[in-house]
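There are structures below to look over.
Each of the two complexes below includes chain A, the first together with chain B, the second together with chain C.
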Partner chain A sequence: MEAILETRNLTKRFGAFPALSDVNICIGSGRIVGLLGANGSGKTTLIKLANGLLTPTEGEILIGGVKPGTQTKRIVSYLPDRTYFDNWMKVKDCLKLFADFYEDFNIAKAGDMLLALGIDADKPFRSLSKGTKEKVQLVLVMSRSAHLYLLDEPIGGVDPAARDYILNTIIRNYNEEGTVIISTHLIADIEKVLDDVIFLMNGRVERVSSVDAIRAASGKSVDEVFREVIRCEVKF
Partner chain B sequence: MLWKFTNDRPIYLQIVEAIQVGIVSGFYPSGSGVPSVRTLALEAEVNPNTMQRALQELESIGLLHTQRTAGRTVTEDREAIEKLREKLAEDHITAFFAGMRSIGIDKDEAVKILSKAAKRADTADAADAADAANVPGIAGDQATATVPKEVN
Partner chain C sequence: MFLVTWGANGVLESGSFGGIADTIYSLFKGVMMVVYIGVAVAVVVVTVIIIIMRYYKMLGDEGYLWFTLPVTANQHISGKLIVATVWSIASFVVIVLSILILVARLGLLGTIGDGVRYITERGFHLTPWIIGILVLLLIQGIAGILEFYAAMSIGPHFTKSRLGGSVIGYIIIYVGTQILAAIGLPLMTFVLENMSSAASKLFFGDSLNSLEVLTEPSIFAAIDLIGIVVFVYTTALNVILCVACYILSHQMVNKKLNLG
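And now, the complex of A and B:
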């Protein structure tokens, strides 16, 4: 199994605060992975490191064997946790921007998905609701044929019907070369599409396991196990 | 197929069981082709790797076969399917007795209640029989297994 994302003793400190400490993970191709953790556990920091938006304090992170940079952006499709389109842009302008930026962007596919979600491409981006903005960005990100999709909280702000559609899109897009990493704390909704989960707790990897192994060992859903882990955290 | 999953067990095991019911009930007839991993994964809204694992499991116990060109097919070994039916029936019965025990009814009494209910069902008209098909259990599973596939 060739690793698409690998970290070695990865540590990131903001001042004295350790956002991530000594993280060692290795994610192979063709997996759908949940990056789970409470607020402030380091999920977004890890994803930003993978995108080269942050640089490690110690250790390293490798995407397809190389450090994040221009080369890796070609194969990584990233959904940030906030919107970044300018106010003047219409939805169709966003599509054009992506088509310009990324060779692997499939504009026809994006158009179909917007249609399925009932989003008007002629509308200015700023006039869309928060949830609809998130949908547009997810459509753009999922319409690339990337090797690694990094989705930071893709389902937090959208309605349940759209959530189902998004999960369906992830399954539909699945291919053996593409790995999807989804950071979220809404586990119940997504656990049936996940292969593996990574639990982060206070910047450390608490557990790496397959969803089936957690269910088989505990007789509980990953969501229930996660809640127990978080509860422990509160006690200390 | 109607796909529903519970939280307490691995999903691939639940898929294995659902497809077993599908085979026994004739939803996936003996010798017929099974949809692709991707199609089934979308239908059940699960991870394709999970579906793959379930189908491999069914292959390893001989209920599905891989044809080199035509994908997977249901076994033509009717004896194996019959054995599976018996095993599933056994599971339902075990669950039935366990349920009865949990409300303080022992085996003998449970059998009495069951045969009384069976007699009632015999004399009931067709409308009642249709109602009975909605009761969870063997009849219910067959009823749900024949629901037409959702078009994606």
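And now, the complex of A and C:
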């Protein structure tokens, strides 16, 4: 199995605080992976390192065998945990921007998705609600035929109906030869779509497993197993 | 800007009304000049703020968009630099044009033209001087922009506050530049002294004490020489500053990027 994302002794410290410690994971192609952990467990840090937005303190992270850079950014589609468009920009400006920079961006598909959502592409971002801005970002990210999708908390802070919509959008639109990594602490909502899970606890990898293996071994859902693991962490 | 210039010089060129009207007119004249200067300063300040904010935002939330595009650090920095330079040139042109309009409406263009004719007829190389000053302003402007970029790139590594760190970064770079200039100054003074003394001997011989020599074309040749030395020194200093700040910004964006 060729690794699309691999970390070797990856460590990231902010000052003296270790956000990630000695992380070693290897994720293959064609998988939907849940990056699961409580708030502050290092999920966002790991995703930002994969995008080259942070620099490792020690160790390395490889995307398709190379360190994050121009080459990897061509194949990674990233949904951050915040909105990044300036208010003066219009939705159609964003579509054009993505079409200009990403060869794998399907502008017709993005237009259709926006139309289905009833979002006017001529509107500037300042006139859109926070939820609508997030939907536009999701549309942009999922309109790419990427090798690796890094989705940071895509269902955090939205109502249950919107969660279903977001998950359906992801599942219907991702490039099936690529890998999707979804970071979240809302496990119950997404475990039905996951192939594998990575549990992060206090910046360390607690467990890497397939969802089927967890269910077969414990007879419980991933959410239940995760809660047990967290309880154990708290006790110690 | 042009509207205010038009208003200001319209008032300035008006005649006398006599009595209280003169007082009101003088007051209005003063107010218009203050408004004109205020708008000119505002143009410069807004330009600087836009230049700073465009880069500062790139290292903030907008960075989640820009730094995930398949674009190199060189392209990021040079793209921002080109746009910032164009903004600066546009502001400069607007201010120079407004001054020219004022001067023209006040009827001073003829006087300035006479002065220019007087010195050029006596051997002063006006065109090279204007080109030299414009080139120097351009390089100095670019150096100034890159100083801001470097400060915003290194600043956040010193403190937890991005803004505070950027200010500290700017102070460090500014002090560093002043030290560099102070080190280079004795060198320039030495070159200048030697060149000017050689030039005075070459052009004036032993007649330097005679005041008449000041009206001779040779004085302008000496000024040219001094100008060249000052130009080369200042340009060299600014080019060094540009290269250092660019490398610093590039290294920080390329190797040490840490978006909050």
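As a working rule, the second predicted complex is superposed on the first by the 231 of 236 C-alpha atoms of A that agree within 3 Å, B and C clash if a C-alpha of one lies under 4 Å from a C-alpha of the other, contacts with A are read in each partner's own complex, and residues count from 1 in each chain.
Keep in mind that, in the parts below, a contact is a pair of C-beta atoms (placed from the backbone, for glycine too) under 8 Å apart; a residue touches a chain by one contact, two chains touch by 3 or more.
In this text, all values refer to a predicted model and were calculated from it rather than measured experimentally.
J.: Tell me which partner A:Asp212 touches in the superposition: chain B (first), chain C (second), both or neither.
T.: The answer is first: A:Asp212 touches chain B but not chain C.
J.: When the two structures are overlaid on chain A, which partner does A:Phe105 contact: first (chain B), second (chain C), both, or neither?
T.: Neither partner.
J.: By the touch definition at the top of the document, which applies to A:Asn168: first (chain B), second (chain C), both, or neither?
T.: A:Asn168: touches chain B, not chain C.
J.: Quick check for you: in the superposed arrangement, does A:Tyr149 touch first (chain B), second (chain C), both or neither?
T.: Neither: A:Tyr149 stays clear of chain B and chain C.
J.: Between chain B (first) and chain C (second), which does A:Ile32 come into contact with in this model arrangement: first, second, both, or neither?
T.: A:Ile32 sits against chain B, while chain C stays out of touch.
J.: Is A:Phe85 touching the first partner chain B, the second partner chain C, both, or neither of them?
T.: second
J.: Does chain B (first) or chain C (second) touch A:Phe226, or do both, or does neither?
T.: Once the two structures are laid over each other on A, A:Phe226 reaches no partner at all.
J.: Could you tell me if A:Lys192 is touching chain B, chain C, both of them or neither one (first, second, both, neither)?
T.: The first partner, chain B, only.
J.: Between chain B (first) and chain C (second), which, if any, makes contact with A:Phe125: first, second, both or neither?
T.: Neither: A:Phe125 stays clear of chain B and chain C.
J.: Would you mind listing the overlap between the chain B footprint and the chain C footprint on chain A?
T.: No residue sits in both footprints.
J.: Of all residues in chain A, which touch chain C in the complex?
T.: Touch list, chain A to chain C: 48, 51-55, 70-71, 73-74, 76, 78, 80, 82-86, 101-102.
J.: What residues of chain B sit close enough to touch chain A in their complex?
T.: Where chain B meets chain A, its residues are 5, 7-12, 38, 41-42, 45-50, 53.
J.: Mind pulling up the chain A residues that touch chain B in the complex?
T.: 30-32, 164, 167-168, 171-172, 174, 192-195, 211-213, 215-216, 219-221, 223-224
J.: Taking the touch rule as given, give the residues of chain C at its contact with chain A in the complex, in rising order.
T.: Residues in contact with chain A: 57, 61-65, 67-72, 255-259.
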